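Below are two complexes that have chain A in common, paired first with chain B and then with chain C.
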Partner chain A sequence: MTNFYTLTRTELVEAAKEFKFIWLTLFFVILGLTQPLITKYMDVILENVGGADGITIDPNRPVPSSAEVLLSTISGQFNQIGLIILIISLMGLIAADRNSGMQDFILTRPVSLRSYLVSKLAGHWIISMFSISIGAVVSYVYTIFLFGSFSFSNFVLFLLLYSLWILFVVSLAILISTFVKSPILIAVTTIAASIFFILIKGFNHLLFQLSPGGILNLAENQLLSVHDLNYFSIATCLAFISLNLSWASRNLKKA
Partner chain B sequence: MLSINNLTKLYKGSEKGIKNLTLDLVKGDICAFIGMNGAGKTTSIKSIVGIHGFDQGDIELDGVSIKKNPQEFKQMVGYSPDTPVLYGNMTGYSYLELIGSIYQIDNATINEQLNTLLKKLNFGSAIHELISTYSHGMKQRLVLISILMHNPKLIILDEPFVGLDPNATYFLQEEMKKRAAEGSIVLYSTHVLEVAEKLCNKVVMIHNGEVVVNDTMINLLSESSLSEKFRSITAHE
Partner chain C sequence: MNTDMSALLEIDWPQILPFALPIIFFNLLLIGVALYDWYKRKVLIVSPYIWLVIILLLQLLGPILYLVIGRRMIRNDYSREAS
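Coming up: the complex of A and B.
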């Protein structure tokens, strides 16, 4: 346990020294900020940038609710562009250690593979959720300011459930890093696999239950104020995370 | 006691690696591990320190198997790779604190060890500077301090003298003798045969992944010099 704390702390300190906390947070803040602003002021933006020729914006269009705006920020921005950038930021989490020899350094110390992998998972999950949470809170503040109030407790519950999805994505990046050496290929494969898990949950109920992506529906339900805590989705997601880590550990042991 | 039994590690799709390495070293031994480039020295060393898994055999240190109890085994080992790998963003001191924390050494012991080792290696105030500013030799010296801090029973050094200045080289040779006299086992790979002749009491030569010499230095030197023996083994290459 001590080694887990030591290695996690090292990951966080290294990320801080590489300014990862800053640039990733700035990125999610910009994402969180733009969606409510664009939704509210689309007509003004089009008028001012001079690109409105031929485009008519219905002046009587319904004003979206704050829940809908938050949902489009998270599903549309965070879980698409945000996810891609996040995964790109994760592509070196094992590969860089392997290429620099740092993995050898750690494996020759009295550190278990599990401690090593779990510290990677925890460290990068904390960095990711720190950035995502700040971006999401900025988005929340702008949304309630522009579109009306929204339950803060529902928003927090959403973030908690969404953090499980991020934990799964980080564990997936770790697993793929133990198969593939090229960081670019790691990023592409992790993005493709994440999209796959998001898509298959929509095919039928069984796949929804068996996909770790099911946790996203559960999270989004909190924004729609549908209080359905489907524990099976939570269990599925946790089972996949555990499976990813065990598989990654097995791969490293064989290497 | 270090006991290596029939250690075999072959790389996939290749005959390269190490075949049936058997070696026993006891407390106080300083053993030179000699061979041409690509002979299998680094593969053997990486298996002994737990970087590589292996296909067959086992490695035990004082009865603790690296297969069955890798963490307890590694707790007793200090390993210096041929190229020092360090966190460039850390200061030397933070790095040593990290190592101390991994080996669960208390701060008082770390400071006591550091006072002695830093003086011997002329580190001075550089220990509080970023590792990225260090020369190769300084990085090598930092690694040496880090592997000796927890008083390992087995010290494994891969080409340890490369990049060290004469003072650091002298320190390392004296430290190897001192640690061996105190009961540690020292195993190191080298191409500097003249130094090995003076420093070691055991010698292992490896060629094409197989052990071709495993003897005491006294026995071997009674027949020929280390250099002559090495040339005779590798003559056909």
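Coming up: the complex of A and C.
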């Protein structure tokens, strides 16, 4: 698949030229640093920063375990403001190509629509996971430094499952950018849809477990070391990703 | 953004610095990347000095907004009108 390889490499080179590797990584590192530090030093911060007279923190409060801190970093920071920034960085992935005419240029070459879309998916997934992995590893190091040890293999397993969720988000952005023309609208719609999927995964029903957000449940349970896990949601997540891609290619063929 | 600068003097710096240092360092690095790119594209982009203010004053979000949106908004961009 040489077409696929060339197109993916182009995506990566373009991202490197736009400093995307640098700033997305820095952003996730800052996000990952902030949460464990604030959780650990909340009382010091409240004492030292003005305007907090009269607020006391119970000195006997339970110290959160490292798994809980990691979970709050991921589901509180990475999955909310991190996801929003990630999607904003993804919003031009098809729209910019279409508006500059590059898409027509590529598709008049002997390049199949499928390898074009899959290369978009793979390229942006690699960029996102590069940044998120570095941010998550920094957060992990700080968490075990401040709160005690946590098994690294569980963390890696978590990161692998989380990468599937990111893959789904990228494929969702591709699908929505075949419907909508303007990049800002693409970002807003994708953010709304993925937050909807994050909300829906909380309901404890089989139907909601099989929604694409179920993979996120599975990933978070890796951190909490719950045992009876529903590994079936890996398959449904992959099915949703391929559904998104085939729908997107059908839309592009029609247009 | 908190404008009350006198609070900064009351902070017990030696106590808070060791763990605030990495956050400040990475923030400055991010602002540095954005400023480097802004300096190179100053003559190209729309309203560069507004973007300078945004980069310098909005903590963490400003440089990212510039790098995602600001650097693509180019003066005399005919490709948008054609489409």
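Definition applied: the second predicted complex is superposed on the first by the 250 of 255 C-alpha atoms of A that agree within 3 Å, B and C clash if a C-alpha of one lies under 4 Å from a C-alpha of the other, contacts with A are read in each partner's own complex, and residues count from 1 in each chain.
Basically, a residue touches a chain if its C-beta (ideal position, glycine included) is under 8 Å from a C-beta of that chain, and two chains touch if they have at least 3 such contacts.
Bear in mind that the values here come from a model prediction, so they are computed numbers and not experimental data.
S.K.: For A:Thr2, is the partner it touches chain B (first), chain C (second), both, or none of the two (neither)?
M.R.: After superposition on chain A, A:Thr2 lies in contact with chain B alone.
S.K.: With both complexes superposed on chain A, which partner does A:Lys253 reach: first (chain B), second (chain C), both or neither?
M.R.: It touches chain B, and chain C stays clear.
S.K.: So, does A:Ser89 touch the first partner chain B, the second partner chain C, both, or neither?
M.R.: second
S.K.: Have a look at where A:Thr34 lands relative to chain B and chain C in the superposition and call it first, second, both or neither.
M.R.: second
S.K.: Who does A:Phe105 touch here: chain B (first), chain C (second), both, or neither?
M.R.: First partner only, chain B.
S.K.: In the three-chain superposition, say which chain, chain B or chain C, touches more residues of chain A.
M.R.: C
S.K.: May I ask you to decide whether A:Glu18 touches chain B, chain C, both, or neither, giving the answer as first, second, both or neither?
M.R.: So A:Glu18 meets both chain B and chain C here.
S.K.: Does any part of chain A touch chain B in one structure and chain C in the other, and if so which residues?
M.R.: 18, 100-101
S.K.: Residue numbers of chain B touching chain A in their complex, please.
M.R.: It is residues 46, 49-53, 70-72, 74-75, 77, 79, 81, 83, 85-87, 89-90, 98-99, 101-104 of chain B that touch chain A.
S.K.: Given the complex with chain C, which residues does chain A contribute to the contact?
M.R.: 18-20, 22-23, 26-27, 29-30, 33-34, 37, 40-41, 44-45, 47-51, 85, 88-89, 92, 98-101
S.K.: Which residues of chain A touch chain B in their complex?
M.R.: 2-3, 6, 10, 13-14, 17-18, 100-102, 104-105, 107-112, 253-255
S.K.: Give the list of chain C residues in touch with chain A in this complex.
M.R.: Against chain A, chain C makes touches at 4, 7, 10-12, 15-16, 19-20, 22-23, 26-27, 29-30, 33-34, 37, 60, 63-64, 67-68, 71-72, 79-80, 83.
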